[in-house]
Each structure stands twice: as C-alpha cells, then as structure tokens.
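First chain A sits with chain B, and in the next complex the same chain sits with chain C.
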Partner chain A sequence: MAGLELLSDEGYRVDGRRAGELRKVRARMGVFAQADGSAYIEQGNTKVLAVVYGPHEMRGSRSKALHDRALVNCQYSMATFSTGERKRRPHGDRKSSEMTLHLKQTFEAAILTQLYPRSQIDIYVQVLQADGGNYCASVNAATLATIDAGIPMRDYVCASSAGFIEDTPLADLNYVEEAAGGPQVALALLPKSDQIALLEMNSRLHEDHLDQVIEAAIKACKDIYTVLDQVVREHVHEVTTLLGE
Partner chain B sequence: MASVVLSEAEKVYIVHGIQEDLRVDGRGCEDYRCTEVETDVVSNTSGSARVKLGHTDILVGVKAEMGTPKLEKPDEGYLEFFVDCSANATPEFEGRGGEELGTEIVNTLYRIFSNGSSIDLKSLCINPREHCWVLYVDVLLLECGGNLFDAISIAVKAALFNTRIPKVRVLEDDEGSKEIELSDDPYDCIRLNVDNVPCIITLSKIGCRHVVDATLQEEACSLASLLLSVTNRGTLTCMKKLGKGSLDPESIFEMMETGKKVGKTLHIALQKTLEKEESLGTTRQKVGFLG
Partner chain C sequence: MAAMELRLPVPRKVVSQGLARGSDKHLVAPGDTITTDTGYMRGHGTYMGDEKLVASVAGAVERVNKLICVKALKTRYNGEVGDIVVGRITEVQQKRWKVETNARLDSVLLLSSMNLPGGELRRRSAEDELAMRDYLQEGDLISAEVQAVFSDGAVSLHTRSLKYGKLGQGVLVQVSPSLVKRQKTHFHDLPCGASVILGNNGFIWIYPTPEQKDEEAGGFVTNLEPVPLHDREVISRLRNCILALVAQKLMLYDTSILYCYEASLPHQIKDILKPEVMQEIVLETRHRLLELEG
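Showing the complex of A and B:
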C-alpha cells in the first residue's frame, strides 16, 4: 500500500481516529424471536449477527456427547455479499473453518460447560458486512447472544485487534489497516479476571514491542467491555419494564 | 425445512378458525402480516434490502460484477441467484443442511426471472459478445417464520429497485482495441426498471379454504399449496404446486383468482413504500438490525 499514510504526523489514522480509539460500537440483543439468544453488533462498518441455541440435547450422533460437560458447537459464516469482492460460498472454506475453531476455543473457555453434561450449545455467527476485525466483532456479538440466551459464563468475552504501525500500537484495526500487512494481534479477554481466552498474532513483530501491542489490545477489550455491559444493562432494564417489574 | 410440530387439537383449532375467515393472529384469509422493508442496509453492495414478514427475516444483497455475455444471448447481461439458508434460522441448516431448500428456492427464482419481460437485460450489456454486467443476487435467510417464497421475492424486488450500477463507457482507439472507462462521479449510475418484476404469492390450502401468507403453524396444517408469480398488472408468469397433498382443478382456479387480486395490492403497497423511502434520500435514519 504505497502512498497511503496509515498514521499521519499529527497522530490520526485513515478514518480519523487516534491510535488507541475504537470505532463506533452499536449493539442490540434479542434480535430474533425464535432463537434462544441473539444479538447484533456494528463496529464501524463491520456488522455481525450471532445466534445461540441451547443448551439442548445432542443433535445427530450421540457419540459426540461429553459426559462431564456441554459441547460447544460453533459455525462462522460470511454472507456472500459481505466482502468487497463477492465470496463464492458463505462457509466451509479454510478461513471460515479456522474462525469456527477459534470461536469454539474462546467460548469453551468462557461458558460454564460443566453445568450441562451430555448437552450441546450452538453458537452461529453470520458476518453481514466485513470491514476488518471480523473475528473480534463475532466474539463480541456471540457474547451478547450467549448472555441473551441466559447461559452462565465465567465473564464477558471481549475481543479486539491491535496492530503496530510507525512505532505506535493501533487498537481496533479497520480493513485498510489490516490489508496493509503489518503485524496484527487478535486478543479475546475475560476482562474481570484479566485472563486471555485467545491470542493470535500474524506477521513479524519485534519482541520488545509485543508488550505495548498486547497492552493496547487489552485496553481496547476493556473499552469494549464497558460498551457491552451498558448494552446488557439497558436490555435487561427494557425487558423488566415490559414485564411490569 | 424449518417446521413446527403441532398436536391434533391445535390443528383442529387452526382449521376451524380458517373456515370462519378468522386466523390465529386475527387476520382474515386474504391478509398479509405486517411487512417491514428497508433498502440500502449493506453498504458494500450495489443494492440491498431487508424484509421482515412476521418472524420471517430475509436479507438480500445484489452485487454487480463485470463478466462476458452468454453465447446464446450476446447482447444481454444476466442475473445469478444464490440462496444461503443460514444456520441462524434453524440449527438444521448447519453445514450443508440448508442446501436442499436453498436449491429449491434458487430454481424458483431463476424460473420467475427467465421470461424476457421481468427485467430489461439488454440494459446490462456493455459491449456485445465481450462485456456485460452480471448481477449476483444473494439471498440470506436469517429467520424462518413461514411463507419464505413471498418474503424472498419481495426482498429481491426491493434490492433490485435499490441497485445502482456504475456507468461505464467503451473507448475504442485506432487499432480497434477497446478500453472500458468508469465514470468518475459515483452518482452517475444506471437504475433498473423493476415495474415488471413479479412477486411470488403462495396460497396454502387449509381445510376447504385457502389462505395467503401462512405462518409456520398454518403451514403445518396445510397439505398442499400453490405458488404463483404475479406481476403488477395481475398477470401470472409462473405457477407451481408445492407440498405432499393434492389439489382439485376447481380450487386451483379459485386460488389463481385470489392470487392475482392479492398480488396486485401487494405490488402497489411495495411500490409505494419503496418510493417513499427513496424520497427521503440521505436524510433517512437507517434502522437495520438495531431497531
């Protein structure tokens, strides 16, 4: 990406944010009536829907059931029109399968699966519009959907990405910054206990800088947590008023 | 396909209600549920629309890409349909579970768009035999609450109405080599004329009457239904019987009459909504999935 300045001398990024600033986050819980839990999140131009079914009896082969905890089953798919160039298939390609595994790993760490032995929890994530940070937005949406389904969790899971451009760590990368090919860290955090549920880094980064980048990602995750917590509280308030509490 | 299991007593309740022209949600036999339509919901498409019909939720994105015209129609562009039955709608659709239903819907869409009058494909041609616009119409099924076909056809029509294809010019130099130039102005674009795009009306036979816009519960009571594609003038362009039961010819004719009547009103209402939304322009507050 020659000629494109990702961080100006004044410290602004391509979309006008400061280095540590997040994109605008808007979210809503309880989007669908038929699912057990559902949520929608917008982080800038990235738009993700998540739906949770369960905990329910094992579907399909019973041999997959775990005798001491629930099985977390995920599917990550991207709408064929979500990306700049049209995708051929919504799921089943290598990248989506990897994302599916990541989501599964993240939520196995967060959901109290031992409470539901021999059952299954389905988490389906659908990216409607992709503009960077797809994995992070998916995790945040799935957290809200899991809370909406009333499934007990250790803590919220908040995810954010961070990059490193011109000796500055940048939080919450957008598509242009991701495509530039610099180092990129995706991090999922359980904010209250400061535990990391997933950490992935692409490209090359000097060890001395790693600390700063992870620090920036953790800070961004905590900011996300504030927003998500507010969404949950508003939703619960709305629902209880409707119930006439 | 997404379905519900009803007990015998529940079925009797629904069937008897329909006999009296009163359905479980208070509608008459020829009434649609409240329909919400919003266009331009996904910004990286050429056109998009979301339709919510009761609990049925459909998102359609149209992407225009450049391709080569088909050999048998060198001066026309073409449409490609794809339906993704997302696992969001029901866990049965996980993995390849939704493919069968998806293919069925895609084939129906191809069939209702196969006649020359529904959309002017010649306007999609850039230069004959070499370049044309291919419109990829991708349907995403987010929630199934009955009457999928009607909701999808409304969403496809709305998305095509919203589609804006950039204008291109073909420049030819002295040696005969052609170059395609894209207009600099992003507002300089082609709009499609969707007046003749048909909508699908599904009529379900329940007991000895038929209803439009059946919910999942009503679909469970119906043995057979008739799918009609109706244009804004009330012309039938395609017809198909669905379901495992059978229909007698007389009731098919009755259903066709109802279908034409309901189809005309549906087209008028949809056109009015789309024009109203269009007139708001950029001042419109986008709701999307947040509202």
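Showing the complex of A and C:
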C-alpha cells in the first residue's frame, strides 16, 4: 500500500468520504431516441451508458430461442479511453466476457422473461470512464434503461461494491481503493424484496467479517435505490405531464 | 452564414412546469405495491408477489372495475385486431412473409391474406408461391391491417383492401407506438399537400398525395416518377414536425400534425430540429389544440 492511507484516523477515505458514504450519483433516462430504452449514470467519476433493445424477434442464431421465455443478451464494453492506460479491445477480452456473463445472470433474475416467449432482449452497456465499481454502475444504468424500455421487472436491481480496509467495511469503492488489493464484494440486490441477484467476492476475507461487509453493501444498494427511484419518478412524472391525456 | 453551427451544452429545461395537468395520476415504479387487497384482477404491468399486487413497469395505474393495469410510458407495439400498421418485410417464407412491425415478434403476412396484383380472386397455387418475391421482397415497406393476434403476442396481418399494400416513394418515421392516437382512420390526406399513414405500431409513412385514387394494381406497382421539389419539401417539413412533436411528447394525429406544420412555416425546414424552435412550435401547437378543445 506504499504509504497511501486509505482510511484516516478521523475516519475519512482518500476522496473525503465516510466509510458508508456513496459517491455522488447522477442519472438520466431516455438519452437515445433510436433505442427502446437507454440511460446514463455517473457514480463519482465512473460514467456508464446503457441501451436496451427489445423484446424483439431472435436475431442471429434463431436456434438459441427459448420457447417459454425471452433470451437476455448482454454486452459489456469499455471505451478505449475509459481507463488510465488506453485499452486495445473495447470488448471480447476475458474481463469483459466475465462481466457480460454477470450482467446476464443479474438481469435474468430481475426481468419477467416468461412474458416474452421466443423473443430476445438486448442490453448493451458501455463504460465511458472507469473509476471503480464498473459492474455496479453498469447494473444500475442497465436497470434504468430496462425501466425506460418498459420491460417488466420484478423490482429494481441495484448494485454496489464494498471492501474491508483497516477493520472497517467501506461502501462503494473507487479505483484507488480497488487497486489497493484488499477484499472486495460486489452485490446486486432487489431492494424491495431483499433478494440477492448476484454476489461476487475477490481476494480473501475472514469469515467473521463477511457479514459486516455484506451488510455495508446492502445498505449502499438501498441508498442507490433511493436515488434511482427518484430519477425514475421524476422521469415518469415529467413524461405523463407532457402527455397529459 | 456559417456552414456549421456549434452549440454549447446548456441545462435541460423542464417543460412540464407550465402544464399542471396529469399530476393527479397514480404513478408507480417497478416493485411498488399497488394494493394489498386480494379482490382485484391482475392486468398488464403487474404481478402477484405474496398476497400483494405489485407493479412491474414504471407508469400510470389504470383501473377498470376490478382490473388493475399499469401502462408503461413506452413499450414495443402490442397488436390489436383492426389496427393499421406499417411494416418492413424481413423474410420471404413458403406461404408467408415475415414483417418487422416493432412488435416483440415478427408479424406474419400470409399469401392467402393479400390481394393478388390485378385483383384476381382465386385459390393461391404453387406458381403464386414461387412468384412471392416478385410481389414483395425483403426490405419492402407495406401498410396492412391486423387480422389476428396469436397467444404468444405475434400478429397476423392482411392487405385485403386497395388501401393497403406496398408503399412506394415517401419517408418513414419511427416513433413510440404510445404516441399515435387511436382514431377512426389512420390514412390522412393533409391539406398541405402530402399524405400520412399513422401506423398504430409507431411507424409513420409520409408520401406525396396520389393524383388519382388507385388503379386496379392492388398497390403492387410502384410509381417511380420523380416527386416534384415542392412535394419533397412539404414531406421533409412534415417529417421534422413529427420529430418535434415526438421530442415534446405530444400525441400524433391529423390535427396536431397539421397545426405543428402551420406553426413551423415561418422557419426553415432544417431549423425545425433545433431544440428552441422545436419547443416554440410545439408550444404553439399545444395552445391551438387546447383552444380547439375549448
């Protein structure tokens, strides 16, 4: 850790947050006209765009169609300029493929796919600037885009990361904290029903601390939910007022 | 005049503040409990989660007696029998065409549910099946009516009227299906010199008003004569007006399009797409429509 103090004695983190505090979240729905649904989110300096197409007829290989529910097709990509060092492949490398798989799992848990047999739902996520919590920001953006597309979901999916540094669980890690190499948990939650859609952990963490860290992540997810819900409600209110039937 | 225009980002204006309507609606987001009363029926956009009726989409709650639905702000097209749609042929199969109509599955147009060119009435033979690609091929646009809706939501179309059939020269605009107002007729000859087909599926076709109403071709011979400049300008203006109305979420029907067209006349066609011009002409349209309602 080379002298970098991730948590000061006064309880502040490198970017001046408290242990359980989130970064500033700004979000917008309906940023593209062409897509069925789209959204943009900023969590601190992490910036993510998500677009949803569908449900539509199977494109590409029709043999993949499921006769009783819709297929959720995800693609996670990072812009070449999103990281400190320029990326060579925006998608298709190991890390992105794994992320793609995680996104797919998360959204298959949340979307009511059985309503759309033999269809396909595409979720494309692109990270424009990576500053930690890429998976979490992607999930949050994709949730907003799915809601914008009018695709039925059981609940929102909110994701947040949590780490464990100097015996304190930290919520919503930024890049510096992630890079320090401590334990890190990414959690996707259906906040209303308290169900976990995805849970992933990197590096080692003592069993005794796991509960605390998950607790911190769940709390962060619920905080994210409050923000996302407000964005959705404002959007719905604005559009219904304009429609004003 | 500069050849290029630069704009700096400005904060978005919230348009709705001036209009105080629609605030009394019950708005929900996914996961919200609508009611815990078990005496209700579950409609679209809702699901049962342990003894509660929960919303699954974001939108306004609609109650019809015991039925509760949530209407999403925008969705893909849900077909209903009798709807007029505009669609694009994606595939030619044995006895049917597959048509992309912005629905969740491609729609079907059966060979037997269309008029043969020349209006001949007979059973479809094997020769007709072989000639299917001569009638309609991949990429062609058609207007049609919904004949039936299958259980999985797929739609079957028919073009058994001279009104329907292949579309020739014109402009297609794709909008959200929820912005097209349901009306008695969706074919309009606007007095400004062009015609529109407002497809219920959100596909809007703008074309020059035909000189004489239909020869007996059954709409399968396309007129390839050049469209005069004046007509093209009217069509472009209408297209931009429709885009402006859509950007401001105003319902599309003949009167709203016509009012918007008239409001846009002081501006150049390309200027209509500028945000401030859009706002201005749509606001004028709104006021005129309100006056009309009285």
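Methods note: the second predicted complex is superposed on the first by the 244 of 245 C-alpha atoms of A that agree within 3 Å, B and C clash if a C-alpha of one lies under 4 Å from a C-alpha of the other, contacts with A are read in each partner's own complex, and residues count from 1 in each chain.
Everything that follows uses one rule, which is that a residue touches a chain if its C-beta (ideal position, glycine included) is under 8 Å from a C-beta of that chain, and two chains touch if they have at least 3 such contacts.
What you see is a predicted model, and the numbers here were worked out from it, not measured in a lab.
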Side-by-side fit of chain B and chain C on chain A, or clash: clash
First, second, both or neither for A:Y40, with chain B first and chain C second: first
A:E238 touches, of chain B and chain C: first, second, both or neither? second
First, second, both or neither for A:S119, with chain B first and chain C second: second
First, second, both or neither for A:R86, with chain B first and chain C second: first
Contacts on chain A seen with chain B and repeated with chain C across the two complexes: 33
Chain C residues touching chain A - in the complex, by the definition given at the top: 14-16, 19-23, 25, 27, 29-32, 45, 47, 49, 54, 56-60, 72-76, 90, 98, 100, 104-106, 152-153, 246-251
Contact footprint of chain C on chain A as seen in their complex: 33, 36-37, 54-57, 112, 116-119, 147-156, 190-193, 229, 232-233, 235-245
In the complex with chain A, residue positions of chain B that touch it: 42-45, 48, 55, 57, 59, 61-63, 65, 82, 84, 86-91, 94-96, 136, 138, 140, 142-145, 288-290
List of chain A residues in touch with chain B within their complex: 26, 28, 31-35, 38, 40, 42, 45, 47, 49, 51, 53, 59, 73, 75, 77, 79-84, 86, 90, 92, 122, 124, 126, 128-131
